[in-house]
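Letters A, B, C, D, E, F and G mark the chains as written, and numbering starts fresh at 1 in each.
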Amino acid sequence: MAQVLPLELIDKCIGSRIWIIMKGDKEIVGTLKGFDDYVNMVLEDVIEYEMTPEGRRATRLDEILLNGNNVAIMVPGGQPPYME
Amino acid sequence: MAQVLPLELIDKCIGSRIWIIMKGDKEIVGTLKGFDDYVNMVLEDVIEYEMTPEGRRATRLDEILLNGNNVAIMVPGGQPPYME
Amino acid sequence: MAQVLPLELIDKCIGSRIWIIMKGDKEIVGTLKGFDDYVNMVLEDVIEYEMTPEGRRATRLDEILLNGNNVAIMVPGGQPPYME
Amino acid sequence: MAQVLPLELIDKCIGSRIWIIMKGDKEIVGTLKGFDDYVNMVLEDVIEYEMTPEGRRATRLDEILLNGNNVAIMVPGGQPPYME
Amino acid sequence: MAQVLPLELIDKCIGSRIWIIMKGDKEIVGTLKGFDDYVNMVLEDVIEYEMTPEGRRATRLDEILLNGNNVAIMVPGGQPPYME
Amino acid sequence: MAQVLPLELIDKCIGSRIWIIMKGDKEIVGTLKGFDDYVNMVLEDVIEYEMTPEGRRATRLDEILLNGNNVAIMVPGGQPPYME
Amino acid sequence: MAQVLPLELIDKCIGSRIWIIMKGDKEIVGTLKGFDDYVNMVLEDVIEYEMTPEGRRATRLDEILLNGNNVAIMVPGGQPPYME
């Protein structure tokens, strides 16, 4: 049975939207522009979701570099259920 | 006595259902599509189970890339007892 | 004085029962089928013990892959005192 | 599709302002003067934001060396919404 | 001045009793049978001491493999003051 | 644009005062005598600041070796605002 | 300006007293007998200081091997202010 390797999956996401669930409760949605072997990622048109005492806070960011070592799950083409 | 090596066991799971117990209390069930030497995994038809103050929450995801360094236990062909 | 090297000890356990005490309070008993250099282990006829608010929970699993980096102590041929 | 690699993105920031969100709740804004492969960074005209029981504290620093292994997100040309 | 290198010190302990203080509050006393470069250790005639809500619990184990990355201090020929 | 590399910046600090902010709330001011690739540092005429229930405690030390892996931020020629 | 490299500083301590401040609140004073590249250390005539609910506890140990990865600060020839 043919495998889909992790880095192949990420490579296919270049230019597409991706939902990233971090360790802890931070989540990020953005367009993947690039990544390296450590799965550090360059993302554009980003929304960062974070739980605060006042509820979930959404922050819009044009372009970010995300440290890969805090990523738990990546959902190609996905978005969180609570996203408008 | 013949050994079953860990990566051999995972390789045999390609295309099959697998139950993954993470460090912390998150659990994931899905079809294994591929993995790398760090046991990062590509999974399809995924259900992510997570304990929330309101009880256990199940989230359905089409396809995910799971970071291997948070995995505690993998159960080939298994599923959590609480799964309908 | 002849040494018993750690990997030698594990190798001798292939096919035998082994009691594994994890970091945190999870404990596992199973038959060791194989392992790799990181002491990731393939185990069969497994019972996973875990402390829950309702007391100690035992879960039976046919076959598992256990991540080695969370293992604290391994007891060849051993079993926890609370095991029936 | 052409990729933007993480280190390329940082390289383009040399001489520009950058907003850095650390693991935990510390944030830093400064002009990037240089970095190494571990994304340790030399920054000038720095403001360090930190949450204290008395609220958010801002500390001005001429020049700093920031340890890369605590960085979560980098926002080229960005600044925190609460910055005057 | 002649040095006593760490691995030399452990090597001299082969066949002797050793008291091991782990990170956290677990302590172990046993006869050292062998070790590897990561100071994973094979121990015999082991007593494992652990603090529980009901006080200090002692568990006797014939032979164990101890993961070296949780060891804080090793005391060749030593034993804890509370040991009968 | 010419870069200032992290190790270059530290090298320029040899013989000068430096303020080091550790992960957690410990801070250190001292004269940098030397360092290695892991940014372990030899410091002289050191003051170590630490928060205690009774308030901030300052400890004077002639010469220390500081483990680099706990350093968050280094401020060449800087000193904490609360320093007399 | 001539540097004093970290391992040089430790080398000069062989045979001398040294005060070691660990991550967490454990402190150790002893005579340094040897060390390796990971700054695991062999110490003699050791006093281990630890905070307990009943106050600071001092334990005398003849000879120990100290795991280097928990060391925060080393003070050649130093001793804690609270030491008699």
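Note that in this section a contact is a pair of C-beta atoms (placed from the backbone, for glycine too) under 8 Å apart; a residue touches a chain by one contact, two chains touch by 3 or more.
For reference, the UniProt names are A, B, C, D, E, F, G = U6 snRNA-associated Sm-like protein LSm5.
Note that the coordinates shown come from a computational prediction; the quantities given were computed from them, not determined experimentally.
Both copies, chain F and chain G, contribute mostly unmatched positions to the interface they share, with under half of the numbers common to the two. Chain G has its Cα centroid 44 Å from the Cα centroid of chain A.
Once the centre of each chain is set as its mean CA position, chain D and chain F turn out to be 20 Å apart.
Between chain A and chain C the centroid-to-centroid distance comes to 35 Å (mean Cα coordinates, whole Å).
Round the ring, the chains follow in the order C, E, G, F, D, A, B when counting starts at chain C and proceeds to chain E. Listed in rising order, the residues of chain G touching chain E in the complex are 14-15, 22, 26, 33-36, 40-42, 48, 59, 61-67, 70. By the touch criterion stated above, chain D contacts chain A in their complex at residues 1, 3-10, 23, 39, 71-78, 81.
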